[in-house]
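There are two complexes below, and they share subunit A, which is joined by subunit B in the first and by subunit C in the second.
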Partner chain A sequence: MAAITQHGLARVLGQRLIQALVVSLLVATLCFVLVQQLPGDMAFRIAAGRYGYDYVDAAAADAVRQELGLAQPAWQQFAHWLQQLAHGQLGQSLVTGGAVLEEIGHHLGATLQLAAASVALALGLGLPLGLASGLRPGGWADRLTLLASVALRALPPFLLGLMLMLGLSVQLGWVPAAGHGEDGNLLLPALTLGLGLSGLTARIVRDSVLAVVQSDYYRFALTKGLSPWRAFWRHGLRNIGVTVVAYAGVQLVLLIEGVVVVESLFAWPGIGHALVHAVFWRDVPMIQGCTLLLAWLFVLLNTLTDLLCLAIDPRGPAEP
Partner chain B sequence: MNSLHLDGVAVYQQQHCLLQALDLTLYPGEALTVLGESGSGKSLLAHAIMGTLPAGLRARGQLRQGSQTWPLADAANRRALWGQQLAILPQEPATALDPTMRVLPQVAEGWRGEAGSAQAEARGQLARLGLQAAQRHYPHQLSGGMAQRVAFAAATLGGAGLLLADEPSKGLDNRACATLAQLLQQHLADGRCLLTITHDIALARTLGGQVLVMRGGEVVEHGPASRVLQQPQHPYTQQLLAAEPPAWPAIAHPAPGDWLLQGRSLAKAYGSQALFRNVDIDIAAGERVALLADSGAGKSTLGNILLGLTRADHGSVRYRDGLPRTAWQKLYQDPVQAFAPHISLHTALHDVLQHCGQPLASLETLLHRLRLSPGLLARKPSQVSGGELQRLALIRTLLLQPALLFADEPTSRLDPLTQQDTVHCLLDELARIGCALLLVTHDHALAGKTTSRQLRL
Partner chain C sequence: MTYLALLPWHRRLAWLLLGLIVLLAVAGPWLWPDPARQDLMQFLASPSLAEPLGRDQLGRSVMARVASATRLSLGLAALCVLSAALLGGLLGVLSAWRGGLTDTVLRGVADGVLALPGLLIVLIFSAMAKGGFITLYLGLALAQWVEYFRMTRARSRLVLASPHVEASRLLGFGPGYIVRRHLWPELSPMLLTMASFGMATAILALSTLGYVGVGLQPPAAELGLMMTEALPHYSEAPRLVLAPVAVLALTLAALVLLRPLEVKR
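Here is the complex of A and B:
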């Protein structure tokens, strides 16, 4: 069995490593192409980012163009950037001149903090609600979570965020509307992301609980004489866990999509926030750095999901 | 242990009676077998005794042993007996075992005595059943027969005096069926009670004891197995016995025509395990051929290779020219799994009609000939009986005008009456369009009656 597990582990990690490389290349290329397509003079926007709009003229923009080699053909710029990437460098920010890696490093902590808080919230809400719905299908908890999860999934994060901001901050004044560093700043963005995820989690948990409880082996466990609680503990949890981890892991992509919007909305200084600013100032290396990091984060989450599945399910990964 | 009495057991859905009141006595060491076709309410009897009736159904009557009685109307009062005095041997053992737990703990948790000795007891039980080597296996690593023995070990470790076996032989091959019969006889030999609910007449014959024949929720005949199965009194029992393949009258097979398909030196292995090697097979137009083997011998795989659904490791298959790809069709073992569960049968069949450009009339003719009401089409696959669904699956393939139909155990999940009916429909329709049949089965009698040539793998 140990051999199988090691084999499975090696396969998961190998597959994910290849995926990370392919995703990096694709994301980098797409990013570069899309930024080139943005309207307006890139050099002008970068100069404005450095000196402010009021102090920019054609001469300043030209100076920037010369300095950054923006007049070069696009493919040369891209090749240059790829070369840097191969050496493990993400380049310098065009606006601040600082190393992209360092700049992103500042933001990464904030993003991880927000993501962890949202996932904790989603699980804290979704698991018990899903369990309650799955154990009593058609009951009030089931109907309520169905309604809530549909509503939450239908609401785009920025709208949910605005509603929460209006309700909890403007009307009730419980927490600050936006910002970072004060007590309670984390609550609104985490709630916005967490609520969206929790609805989905609850439905996934509900469906897998129902499937397990209605399964032949679960009924057999009960008629063997196990108490309901013992049957759930021994046969329910692990089997429910397998499905929940597999599906919920995939849904974590919502987290990455949500982080960009929610961070900007609540002025939370994470990677998503940095990304939006970088797009605004046409800070190409910064855009590429941020998207690459988000893509890697996605691959990392998938890898963790796979490893967790491998740990829970003794049957090992499915044969291709 | 004392004998168990069931007084006036009945099952109702609101005012509608699904199982008519009946009195039974179960004697230790003597089998009681309930026979009947699917939908005769015989499974309800087991659930009523156990207290596991689906929501909406009510049981009446009582269970009595010595001076103790348990009214059946209150399902909860028997929960304390589960494992210790009442046990149920699940249908389809492969799905009744937790896929994520090893064999030993699954068996050990059935022990109802002192917790410390559970492991040792389970080991002993598994050893008696010849499963020492499988203790650390997961269910997916077990064969059908092994899973059957593990489920038996788990169900009986608690030492229950009454074992309820609900369709225990469904979907099992000959060898696993023989194992099952042995296990049940062993249980009886230990001086315990056994109530078996089945449509497998061979199993009833092996177990002996008393036999109860049910139809439409009503007992039509009750007596010693030797008498009921030898000299049945009731016409329904006679009909049931005549539906067993060995009792079928001989069937005339059409003469084979030109060659249709040639498989040459076919071989297939999964991993290091070789299924078969150097198999040559010829099928002529309109011919009826059976492939016989135990489960796991690769007979379904061979059929799939002939149809081009699976690639062979070695060898080749030649098809007669001029036939479209859809001329090679397959009828699946479990009709429920062969239909999309949430799509209505109407949609499922009309899609095929549209695909092959046939008029609606051809579907209606087929429905009429196979005695299926057009009203059935409005339902979902789970809402019609197994026999009806298998006939609908047959219609689905017939619409495509097949030249060869590969039927993979098409009746192994059906009761004998439904089986006989389905097979006759199948043969009539194939003869009508001159389609050849490749039947995969483990039932020698069925193969002998339905086909003119049998191949063993």
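Here is the complex of A and C:
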């Protein structure tokens, strides 16, 4: 038993490690291509970002070019880049001049706070509603969650956020529309992201509950005289859990993308916000750093999902 | 199951909505030709018979802008989905057919791309040429091909290993015949379902980027961008925000309703 678990553990970690490496290389290459493709003189843009548009002249742009080594041949820059990346150095922001690692560390807390609040909200809403729908298919909870999930898929995060902002904050004035640091600022972003995720969560839970409840082994458990509660506890929960966790892992991509959108929408100073600003200013080291961090976060969450699945069902997935 | 009775109803609604939106995209720019023409004397003019949605803060026809933005969104999304499905589908079949090293390499690349949430890929690409139509298209298509690749590969492997295909091969039929007669009928329904989902994703990504200011740039008429531009004038003319919001929500709703409502699992 223990050997199987360790084997499974090693396989999961190995697969995900390779994935993290491939994705890092992919991001680095894309960012390198990005540097090469930039239209116009990058030095001018960076100088404008630093000193303001009115204070840019050729001398300032030349100074920037010298400082950042923008005149080197492309392959040298790329080799340098990969070398730095391999050493865990993400370079310096082209706009602020600060180390990317520090800037990102500064933003990470806010992102994690938002993500945690949204996931808590999604689970708090989605789990009970999904359970109720799965146990009584066709009942009011089922219809409600079906309607909500269709509506929420037609209302993507930024539209939902926009509507919540216009409704709750502009029309009613209950909560601040955007910002960070005051009470109630977290409410709108977390509500936007959490609501979007909860619709999907509820449907996933509903489908796996229904599959288990309609299965032969579950009916047999009831037939042999177990109370409904006991049957659910002994035979239902684990089997539901493994499907829900596995499927939720696939949907984590919505969380990462949602963080980017919702943060920019509500001026929440997290990594997604930083990324959009970096794209705006073409701050390539910062784009690379933020993208890498979000991608690693995604891989890490997926790894945790895999491990959780393995813990619930030590046999591992049926087919590789 | 329970909702089977509802299926025709919501499908019909979806096709109706989609038809109206395509009509807007095709006929709209013809009826209201120029989305960029400003008439500053008439800024924020109320709706009239000639201009059903009035004019915006620069006196541009909102109807013309909405129609042109819809055409842009649908066109770009269709282009992305076609390219992604073609690329992903071909590579998927290739991977299943060749196996071995080809399969390993392609799967490695696909796993890497899959670990990068699609929006991030599109964001990196949108930084390459801000406001560039081509780069946005490339980014969206590259973010989407993996889905088609994985599904096509998984399904093709099953089909190619089946006795039918073996029989065809033994009878001497070539790859072209096997693809046409065995693979395509198996793959096409799945690809169509995925395409409606991919359209929604692409339309959404385009407007999201426009909304946060890193997608297409003004003066392009684009749904997300229109919302951002009109937001400061929300109190005077909420219709400027609501028109693109409504078009986007209805388009996405139609694409969602096209698919079966039950999540099959």
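Following the convention adopted for this analysis, the second predicted complex is superposed on the first by the 310 of 320 C-alpha atoms of A that agree within 3 Å, B and C clash if a C-alpha of one lies under 4 Å from a C-alpha of the other, contacts with A are read in each partner's own complex, and residues count from 1 in each chain.
Everything that follows uses one rule, which is that a contact is a pair of C-beta atoms (placed from the backbone, for glycine too) under 8 Å apart; a residue touches a chain by one contact, two chains touch by 3 or more.
Everything quoted here is computed from the prediction, not taken from an experiment.
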- With everything superposed onto subunit A, say whether subunit B and subunit C fit together or clash. clash
- Query: Which partner, once the models are overlaid, touches more of subunit A's residues, subunit C or subunit B?
  - Reply: C
- Message: Let me test your reading of the model: by the given contact rule, A:58 touches which partner, first (subunit B), second (subunit C), both or neither?
- Response: neither
- Task: Classify the contacts of A:314 with the two partner chains as first (subunit B alone), second (subunit C alone), both, or neither.
- Result: first
- Query: Touch check for A:162: first (subunit B), second (subunit C), both, or neither?
  - Reply: second
- Task: Would you check which partner chain A:215 touches, where first means subunit B only, second means subunit C only, and both and neither mean what they say?
- Result: first
- Query: First (subunit B), second (subunit C), both or neither: which does A:82 touch?
  - Reply: neither
- First, second, both or neither for A:223, with subunit B first and subunit C second: first
- Task: Name the contact category of A:235: first (subunit B only), second (subunit C only), both, or neither.
- Result: first
- Query: Just one of 167-175, 203-211 or 257-265 in subunit C hits subunit B in the overlay; which is it?
  - Reply: 167-175
- Message: Touching residues of subunit A toward subunit C in the complex: what are they?
- Response: 18-20, 22-23, 25-27, 30-31, 33-34, 37-39, 137-138, 142, 146, 150-151, 153-159, 162-163, 166, 170, 203-204, 207-208, 211, 243, 247, 253, 256-257, 260-261, 264-265, 275-276, 278-280, 282, 284, 287, 291, 294-295, 298-299, 302
- Item | Residue numbers on subunit A that touch subunit B, as the complex places them | 1, 215-217, 219-226, 230, 234-235, 238-239, 242, 312-315
- Note on the structure: Listed in rising order, the residues of subunit C that touch subunit A in the complex are 1-3, 108-109, 111-113, 115-121, 123-130, 135, 200, 204, 207-208, 211-214, 224, 227, 234, 241, 245, 248-250, 252-253, 256-257, 261, 263, 265
- Query: If you look only at subunit B, which of its residues touch subunit A in the complex?
  - Reply: 50, 52, 82-84, 86-88, 90-92, 95-102, 105, 109-110, 112, 136, 138, 140, 151, 154-155, 158
